[in-house]
Structures are given as C-alpha cells and as structure tokens.
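There are structures below to look over.
Shared between the two complexes below is subunit A, which pairs with subunit B and subunit C, respectively.
Then we have the complex of A and B:
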C-alpha cells in the first residue's frame, strides 16, 4: 500500500442504517459498471492468470519440535512519542516550578524536547535558573507570555543535557580521584556561552514589558488564605 | 527539608490535617487515611486535588540520610463525603500518632 498512491475506496452504496445499504445487489452491479467492464472484455469479467511464483527453496523438516506449543508474543506497534503538551503551555509562556532546587521560580518555557521534558530558562541573569529540563507535571502554566521568536533553540535536545560517561579509573584512586573531581565541577564554557546567547534576546524582550523582569525575579509562594483550586494562574 | 541555605522560604504546598483512618463505627481500615485540606469545603472543590501528592513529615531521634526529619509520601485518592474531606493513600500506612498532625498537600502532579 505504501508503494502505489491509491485513492481511498468510496462506496456508492449509502447506509440507511448500519448494516443495511440503500441499493440491492443487482442495483449495485449496475452502479459499479460491472456490465461495462464485461462488455469491454467480451462477455466475461477480466481475469489475469497469476504470475508464476519463483520456486521457493525446498524446506527440510526441522530436526526438533518443541514439546509444547510455543506462543508468539503479541505484536506491539506502539511508537514512543513525547507527552502531550497542555494547551496552556506554549513557547514563551511563564511557568512556575513546583519542586526541586528552583521551586517557586518563575521561568520562561522555550520548547518541548523529544523526550517529552520541557526546556526552560530563567533567564539566568534574572533569577538564576539556567537552561534546564523540567517535567510537565511539576510546572504550572501561567497566562503570561514572553515573545521568544528571536530565540533559536534548535541546537538543544536531550543529548545536550546528558551526563558525561564516567571514565573507568579504578587503578590509582588517590591521585586520579582528585583530578576527576575538578573536571566535573567546572561547567564547560560552551554551555555558558549557549546560556548567554539564549538569554540575551530573551532579556531584551522581557525588558520591553513593564514589571516583567521583577515578576520573573520574584518567587511564587502560597500565602495565608490562598486556595490553589480557586486561583487563576 | 534540609534548609541550610538562607534563601526565602516559599510555601508551595497547602496545609492539611490528618483526621484519622477510614473507618466505620467499630472497624477501621488503616490503609486509607482521611485528610482535611485547608480551604476546601465541598466535594466539587476536591476535584482539583485528586492525584496530588502528600507528605507526612515527622522527626525522629536517629539521623537517617543526614537528617532528623523523615517523610511518608502519599497521594489524594478521592473525596470523602460532601464537605471537602479527602481520602488518601500513603506508601506505608500512617502511624496512629499522626492523627491531628500536619500534612503537606503539594500542587504537583499539576494539570493547570
């Protein structure tokens, strides 16, 4: 079916009720024009001889038959796809982080990564949140939007955020251990530069809106008398 | 709970009180506890909280994982009655001394 582009088969026999068509068998015969096909072919419905199949190599009887019938596992055609994004979350939305190190921070949503996690940035200069991945369930989408059309986020995907593979260094633990620790702690300059490029265009967009910078710098907190189920975010 | 940092304390949870186990007059079922969430007074309001995670936090004498504080996680399962009380299930059943104690109802898994 993939090779030829076939138009979908349309029935010329509308349903009166499911299971009962409007036209009878003989009426359908006439509608479909089988009589014309037969006439073109000289009285009989066109029939093509089956193409000669290439001879299949002779299969030897297997030496071993399993004692009980072995069941085949059921076919699974399920393809993984990223979690469905809530309607309230669009690129440029301000999100409130609900858990983790940056809980309560208001943060700008950039895009959804192929794993389903959301790519998010503070921006770093405003509230200290770097480019980070966040799960959709741990986030509240507010109605505040920031213009992110100027930001290019194509280069970020899940591999960018993966931890570097631990080099196996079991011998000579004493000296090597210290050296490894130093390497881990420093953030590669490349990531710092990425942060700067993403943030620079974002910050200009944010400063254009009155009070948005202070809003993003402040943390969200529930106060006395606030009921989340009644709040409009 | 380790708040060694001087950062601002943000409350991202709703306060709740543990009322006791699910029970009838003379039988109790300790696998389900009842919780009264602050500010929630009707069955309809509880719908927002269904599935939200809860934490019962308590202190112990022995330090575990570097802290005296311990936690039992749970979630809101369904409303209980018409007046905003909620049924909850915890990872392990709550101890009887938790009755009347504070529970934190978080706002995640969020659906807003």
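Then we have the complex of A and C:
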C-alpha cells in the first residue's frame, strides 16, 4: 500500500452498541454532506468515468481443459528469515560447543549469519577453533562476554564458507587412486589472513581479562556431582 | 538429652518448605499444636505449620503479636541478621547460595585457585617432612 500521509478515519456515527449506530441512514446522509456535493455537481453525485484500460492482448481459447476442477495452491507470503537468536547470545559471548569436532571447546561468538548459523572463532591461536559456522541448537551460551567492538566481521557471510564446486572427474581405474591423493585442499592464504586479522584484536581484548585465555583454552566437561539443570552458565 | 530450642514467642526460625523457602522468620504467636503465627520485616504476618519451620538458636524479646515496627526494632536490638550470618548454619547457607550462583568462568577460576592452594600446601608439607626426617 502506498505510504501516503492520511488523517485517521473518524466515524461521524458513534456506536450505541456494537452493530447499531446512533444516526439513521438519512441522518448520516445529511451529516456527510452528500446533499452539498450533489448541489455542487448539479444534482447528481460526482461520477468519474473509469480510465481507459490498455487493451489486453487477445487470449486464445486453451487447447485442453482438465476434466475435474484443478485446485489452486494456497498463497504463501512467508519470507525466509534467520533463526531467532537466544537472548543470552550477543556478540562477544563465550559459547560452549556441544557437538562436532570441537565439542566442549569454549569459543567467542561474533555474529549471526543470514542463514541463521552463528559465526564463531576460537580464537585459533588459543584453542584451535578457526572462523567457523555453528548451529545455535548445539551451543550453550555462557554469561561471560568478551569485548568485540574492535573486530570487523562485515565481510563474512554464508558464501565465504561454501565448499568449492567439485570438477567432474572421469572415472579411470589408475587415475582414481591418484585423484584421491590430490583431494587434500590446502587452506587459501586469504582465509588464513582473515583469521589473523579477526583474532589479533580479539586476543588483546582477551588478555586484558585475567585467566580468560586459559579459560578459552580449556574444554568444558561435566564432572561428578555437576547437575546441568542446576548449573548457571 | 533435654530440648534446647523451643517453639515460643520470639523464636527465630528458618522456613524449610514452600513459597518462602530459606526465609528467616520470627514466631509471634502460637495458634495450636501444629501451627504458629509468623512474621518477618519484609512479609505479611501469616500462619505456618511448624513442620515447615526449622528452629534456630536465636530468640528475640517481643510481646505476643507485636506491631511491625516493634518487631523490626526488636530484631535490630537483638542484631538477628549479624548473629545469623556469623553462625555456622548461616555461613553454610551463604556459601551454598554463592556456589549455586557461580558462572562457568567462575567455576574455572575456582578450579585454578584450588590447584594453586593445594600446590602451596604440598610444597610446605614437603619442606616440613624434610626437616623432620
């Protein structure tokens, strides 16, 4: 709808009870001033002819009509949006990863990507976790926060982390085994540099807090007597 | 062994069940064999079953069902809060509360501190053993 500045519609006919107005049809006719509009227009209510529509191209009769009525699917106007982020997770929060290669590692949260996944970094020098995407469901948000104002994460999005498209290889027996060996992809230098720039400002912020560096370097584990439902993270 | 803590007007008790769990209250009147009227500076006077109360050693000097400000004055005069917090029972509760409110980072720092303390004790012990031997 066009965002025109319209004054709010005020009814001149207050409700006595829901469904019954105070004034009758003829009283409302007088109140709205339809008689004045008609007088101005010489006896009839002003009527504008509809604008001439551009001629629609002639549609041919379809060759085929389905025997039974075809149902039209219902309209769906939902737009995809990233998952709702838990209130406990804000940029700079220390998260505990619960699954995957780095389970138990304590990691710094940077931002939520458009796909809904969380962008996270070790920092790499401290605990070996690189810039990585992680699902919110596999994470515990602690109440410890690190200052990430000095870090610029604008250039990272989901495309940065996508796998490179595999070139189609012809299956030849001898070549097959050689191809397996060459599969090992080295990390491009650009990604290593990105890791270094993000981590350098983070590490200075982390070293400012006593014992935080050792905390991030250690893994979390449940010990005897710890009850997760009673622990405050 | 004779009883030492009695249910009487002025006895300070700890609520051990229900909505007011953990609150220190004063018994201001006895209703019948099972129930007492209790009051505390920050709650409305109400009745409670004696089974929900754990009696403490502290007793204050009040008349039966005092007015709120008389109760508060009597509690100040007897210094209930400080006596409770210094008592070993009170201190244990404070420690328990502190432990329950620990952050994951706090737990990590405590672990490091415990290791450091144990290390210091062990070096001292080793020194003492050496001189004794």
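Please note the rule applied: the second predicted complex is superposed on the first by the 166 of 233 C-alpha atoms of A that agree within 3 Å, B and C clash if a C-alpha of one lies under 4 Å from a C-alpha of the other, contacts with A are read in each partner's own complex, and residues count from 1 in each chain.
Heads up, the rule we're going with is that contacts are C-beta pairs under 8 Å (C-beta built on N, C-alpha and C of every residue); 3 or more make two chains touch, one makes a residue touch a chain.
Everything numeric here is computed off the predicted structure, so don't read it as measured data.
Asker: Which partner does A:99 contact after superposing on A: first (subunit B), second (subunit C), both, neither?
Answerer: first
Asker: Once the structures are superposed on A, label A:211 by its partner contacts, choosing first (subunit B), second (subunit C), both or neither.
Answerer: Touch partner of A:211: subunit C, not subunit B.
Asker: Considering only the touch criterion stated at the top, classify A:220 as touching first (subunit B), second (subunit C), both, or neither.
Answerer: After superposing on A, A:220 lies in contact with both subunit B and subunit C.
Asker: With both structures superposed, pick whichever of subunit B and subunit C touches the larger number of subunit A residues.
Answerer: The partner with more contacted residues on subunit A is B.
Asker: Of the two partner chains, subunit B (first) and subunit C (second), which one does A:229 touch, if any: first, second, both, or neither?
Answerer: In the superposition, A:229 touches subunit B alone.
Asker: Applying the touch criterion given at the start, work out whether A:192 contacts subunit B, subunit C, both or neither, answering first, second, both or neither.
Answerer: In the superposed model, A:192 contacts neither subunit B nor subunit C.
Asker: For A:139, is the partner it touches subunit B (first), subunit C (second), both, or none of the two (neither)?
Answerer: Only subunit B; A:139 stays clear of subunit C.
Asker: With the touch criterion stated at the top, can you tell me which subunit A residues are shared between the subunit B interface and the subunit C interface?
Answerer: The answer is residues 220, 230, 233 of subunit A.
Asker: Considering only the defined contacts, which subunit A positions touch subunit C in the complex?
Answerer: 94, 96, 106, 142-144, 211-212, 214-215, 218, 220, 230-233
Asker: Which residues of subunit B touch subunit A once you look at their complex with the stated criterion?
Answerer: Residues in contact with subunit A: 8-14, 38-40, 45, 48-49, 106-112.
Asker: Inside the complex, what are the residues of subunit A that reach subunit B?
Answerer: The contact residues of subunit A facing subunit B are 86, 88, 98-99, 103-104, 137-141, 219-223, 225, 227-230, 233.
Asker: What part of subunit C is in contact with subunit A in the complex they form?
Answerer: Per the stated touch rule, the residues are 100-105, 108-109, 112.
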